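A short worksheet on the structure shown next.
Chain IDs A, B, C, D, E and F follow the sequence of writing; residue 1 opens each chain.
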Amino acid sequence: MSLVLDIFTIVAVSAGAFFFLAGTVGLLRFPDTLTRLHALTKADNLGLGLVVMGLLPQAEWPFDSIKLIAIWLFALLAGATVGQLMARAARREQTTP
Amino acid sequence: MPHSLSTPDVTTPGGLLLVLAVLVPFVGVLAGMVLGGRGARRVALATLAAGLAIAIAIADTLVRSGAAVVYLLGGWTPPLGVALRADGLAVIMLLAVAVVIGGIGVYARADFGTPPGVREARAPFVFWTLLLAVWGSLNLVFVSGDLFTLYVALELLTFAGVPLVSLGGQPETLRSALRYLLYALFGSVLYLLGAVLLYGAYGTLDIGLLAARVHPEPVTWAAAALMTVGLLAKTALFPLHLWLPPAHAGAPAAASAVLSGLVIKGSWFLAVRLWLDVFVGVVTLPSAQTLAALGAAAILVGNIVALRQARLKLLIAYSTVAQIGYLFLMFPLAAGLAAAQLDDAAAVNGGLLQAISHATAKAAMFMAAGLVYTTLGHDRIADLRGVARALPMTLVAFALGGASLIGLPPSGGFLAKWLLVSAAITTAQWWWALVMLVGGLLTSAYVFIVVVRALAPAPEGWTPKASVPCYQQVAVLALALCSFLLGLAVLCPVDVAGIGRAVVPGIGSP
Amino acid sequence: MTIPDFLLAAAVFVLATVALGLVRILRGPEDADRMMATQLFGTGGIAALLLLGVATEARAVLDVALTLALLAAFASVAFVRSASSSEGDDPKETNSP
Amino acid sequence: MKNVSVRAAMARGAGFFGFWLVLIGTDPVDGVAGLFAAAAATGASLRLLPPGGGRLRYAVLARLALRFGQESIMGGVDVARRVLSVRLPLRPGFLVYPVRLPPGPACNTFGALTSVLPGTLPAGVDDHGALLYHCLDVEQPVAAQLAIDEGLLIRALGGTHDDT
Amino acid sequence: MTLALAVDISLTLLVLAVAGWIIAVRDTFAAMIGFVAYGLLLALVWVRLAAPDVALTEAAIGGGLTGALLIGAAARLRGTEAAARAEYPGALTRTLAAVLAVTVAAALAIGVLALPDPTPTLAPAAAANLATTGVGNPVTAVLLAFRAMDTLLEAIVVLLALLGVWSLAPDRAWGGCPGPRRLVDPDGVLAWLARLLPPIGIVVGLYIFWIGADLPGGKFQGATILAAMWLLVIWAGLADTPPISRTWLRVLLVAGPLVFIVIGFAGSITAGAVLAYPEGHAKPLIVAIEIALMPTLVLTLALLVAGAPQRIPPQ
Amino acid sequence: MNTPTLFGLCAVALVGVGLYGLIVNPQPLRKILAFNLIGSGVFLLFGAIARRGAAVGMGGDPVPQALLITGIVVAFSATALAVALVLRLFDEAGSVTLAPDAPAEPPDA
């Protein structure tokens, strides 16, 4: 049982790390501010989500596990809000140079 | 020879007074914040009286017991806890500050009243609360026995001092305040770095324990150097003095008196404490000579630049730069006396007296300049005619203060310089005596110029721009008289400054 | 390789990824790009923190991550606020015509 | 109306208290402090976000959450695919989506939810109150997906499907 | 062990890279953004140094409040960039500064490497006396029992800084509200965040505060979170800063230190020394002091960021 | 090389970097920033020393850790005061240069 959980952890955390890498590469490769924002809001939050997912079997149930999920939700909320706010600012800058 | 600072492991009778000396002013700050407006001034003046009584009580306790007053906060013994500790040096400073702040408070009553029809005005509220804050912080610097508490005390002093500089709100004063703040923050962060190194090496921040534990090695040298440079920046010793003159000259007179007379003494006192009591045997005679050389440069540069000033307040501010220089001549002299197996009390007392007489004299002179400004509407030195007629008492006060700066008998400045000169001659460091002599001559030149200009008769039909209340003049004169008569301290039967400090092997001796 | 070791390795990997994002902070060109990269630092930092915390069984680390997640949007909000107010015009984005 | 506030206060308070218990554990002394914290949070919440009229439909909410999870994974995968592709397949542009929700918290929630949708990012509103989306690929069927999301959200928040 | 060291080394390199960039970059605004990232990294470093209490403080203050404060200031000073660049010193000054910096750092490095081994530490002393304080977190025991004086003074330091900030108000605005009036769309995204997050933040902030007695956490960290939440609401235009002449504000600002001082002096009667606690009652008294300090710290920290009063007080 | 030593060296490097910035950057906000860097270097050094003092089951010496919290809060207050001062100076003078005003001081001062 524990082996299955450990494998789950390894897979999920690796996938999370992969999405972090994807987000960062997007931040570097995408051509302009708005497209780069996509990379930030989507890949990173998925990366964090997968890391949290992977850590769940290793954390103490239920308190630490729910806390982990809460941390992810907060980061998600921050990402979603900040992404929109910055997109507004970037669009305004684009349209009114 | 055993070290002078015993490990404080027990609260002495009267120790509670030390806590009161620190916390009563801060309680005043808090009460002033709530009451606001006129209440802040009433609270401040009441606190000034109470604080003076506390300072006298501490002095009484010290002289009666003949030993340092100690209080262990929370009953915890250092190194885990924090001790307050007042020896002779600290108590004398406590008393002097209480007296000077009292004088400034009386003087400022007229300048910082809340105008009628307003519930609370900015300048009076800020001044009265921060005056108490400066006082509490200074008391903490004098009695704290812990390096980190002292760091907090230095920061308190900075935060209380900076708004006093920028009280006027003009661009120049804001700029001076910012420059002052940056210097002060830089100074305290260096000081903290030194304290951190000491903790890493010796596992305590308590001054008494450190004194027993430090020994000469690279970490200690680094810590001593960092702390000293940091404190010099805060004290505005040449060449780190650039922030001081514009800052002190741009503030309102009462605030200038606080800044020039008192605030810089906090960091100076801490430097003395560290060099004489903690880093004994670590700092070397050449480093003490370096400090004194900076002091000598300050005396010459400060005085010469002061001579060239066109405005009275700037002149007084540059004279502060010079007088700070004297405060640092004591280091090699104390070291020299100790190396010759002599009592270093002459040098230490000389430095201490210089600090006190400068505090009283400079506060009086800044406030006198403030009265001159009110009366004439300007403070151009070339145009001081009529001052003697309009403000006779103030002019006398200015002259007395000036006499103390020059070092004329029987002033406190005279006794201080006499002690320092004699120590210089005893230890065959005659060049420091020469510097003091030249400094005295330069000082007398600018004091003389101001007094002569002020004595010139006013033109026909001239009337003062505004009249100043009599009690302001009395307050100024009283402080100046304190400074002038301080030389009579030589008649004091007890060497108060030496209480709690035994004869110690000084700087540079193995 | 034990699970804690794997988690530590993942933390190093995420940190290295974040370091890559540093290039975007360095290059800009817009301030928004830099702020985005900082946001990425935040998400990546939280992930690294969680990995470290679970790997070393330091439960208090979860609270640090919680604080970071809660305040992740804070500096960005200050940024967006200042970016819109520095344009001088009305920062209000109304829905009315 | 009064009834609604009381019910909302109870629900939110319970939620905050539950969150507190998750954070700290179930020590009774901590619980007392938790009651205070929950009360403070509920007060602030009621002031900042006064309860609306509708009743939440939890079944629809669960469906929405599930869809949100799927979308966020797809969104991440989509970005990763584009990022790591050698050709960098991007056709960025704006899309105007005339949102049916009135301006306000619900509409903002919609914006936040859809910011994880593959290839879309809300970038403000136009002069007629429609949401402006920035898309990584303007040729994707974005508007249809948005309409499904919006319908779900409206129903979850207790509205009917046809209040355009 | 080696992997842990790899974490440390990558952290160190990152910290140094960001720090160097903050100093070197030309644009001030960009440097401020770098500082936020720097604060985040430092929080990670504190975790690695087994100092979770400090990590919490750094995460809340270094990454949050200080960053927001500096970014806001840099945005307002955008126009002065060109003038500042003109003052940039010449190559000689820069070389001298570099030499000085390297010398100081090298001397310090020697000092660090020469620190004694075994290290002097007060951990055993703190552990031995922890029981008498009744609290479980040694850091809290240091802050509120062994060295309570420092904490009391710190509360006063923060208050003095606030007085200093207020003193920079123009005379006509004395007694008015700090900061400019915010005109923000009440239906916008920022307002949405400010409606959702603060209640949750209140729970988290109070939680961090409450566990401080026994676990890492405490009043400074909790108060910083609450202050940040309040500022968020203010920036979203959902609330305004209070006029500084309000009596309730003044009372709350001084209540914390005043209660601290009163309990401290009560100790001299009941426990034989100022800032001592009678046996068996240490923990409730410590908690009482912390509860009294909380509103003071929240208000002070938030108002420090809000800045000097700028608007004419309401009559 | 162990963790405290590594971060101790990182700390002194930060002090050096901050010191350089403090001298070289003329813009006051950048000086404030440099001051914060030096400060964080000092704190980090203290933290490394605390970590060295780990004993009796504690991860580090709690006394420096407690003082660090105080230090960070004090540094924040100092930053806030300095920023407020810079902003007021900007409002009054339209610039934030620290160079002394020509008329207020003699040229040789």
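Following the convention adopted for this analysis, a residue touches a chain if its C-beta (ideal position, glycine included) is under 8 Å from a C-beta of that chain, and two chains touch if they have at least 3 such contacts.
Because the structure is predicted, anything quoted here is derived from the model rather than measured.
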Interface with more contacting C-beta pairs, comparing A-D to E-F: E-F
Remotest chain, subunit F as reference, centres from CA atoms: D
Subunit A-subunit E separation of Cα centroids, rounded to whole Å: 28
Chain centre separation (subunit D, subunit E; CA means) in Å: 32
Subunit C and subunit E: spacing of chain centres that average the CA atoms, whole Å: 19
Contacts with two or more other chains, residues of subunit B listed in rising order: 80, 148, 152, 155, 159, 162, 166, 169, 174, 193, 197, 200, 203
Overlap residues in subunit A, where contacts from two or more other chains coincide: 23, 25, 37, 45, 47, 67, 70, 74, 77, 81, 84-85, 88, 90, 92
Residue list for subunit F, restricted to those that touch at least two other chains: 15, 32, 45, 49, 52-53, 63, 67, 70, 74, 77-78, 81, 85-86, 88, 97
Sites on subunit A touched by subunit D in the complex: 18-19, 22-23, 25-26, 29-32, 34-35, 37-39, 41-43, 45-47, 49, 62-63, 66-67, 70, 76-77, 80-81, 83-84, 87-88, 90-92
Complex interface listing, subunit A residues touching subunit E: 74, 77, 81, 84-85, 88
Contact footprint of subunit B on subunit F as seen in their complex: 15, 22, 28, 31-32, 35, 38-39, 42, 45-46, 49, 52-53, 63-64, 67, 70-71, 74, 77-78, 81-82, 85-86, 88-89, 92-93, 97-98, 100-101, 104-106, 108-109
Contacting residues of subunit A [partner subunit C, same complex]: 6, 9-10, 13-14, 16-17, 20-21, 23-25, 27-28, 33, 36-37, 40, 44-45, 47-48, 51-52, 55, 58-60, 64, 67-68, 70-72, 74-75, 77-79, 81-82, 85-86, 88-90, 92-93, 96
Subunit E residues within the subunit A interface of the complex: 189-190, 192-193, 196-197, 200
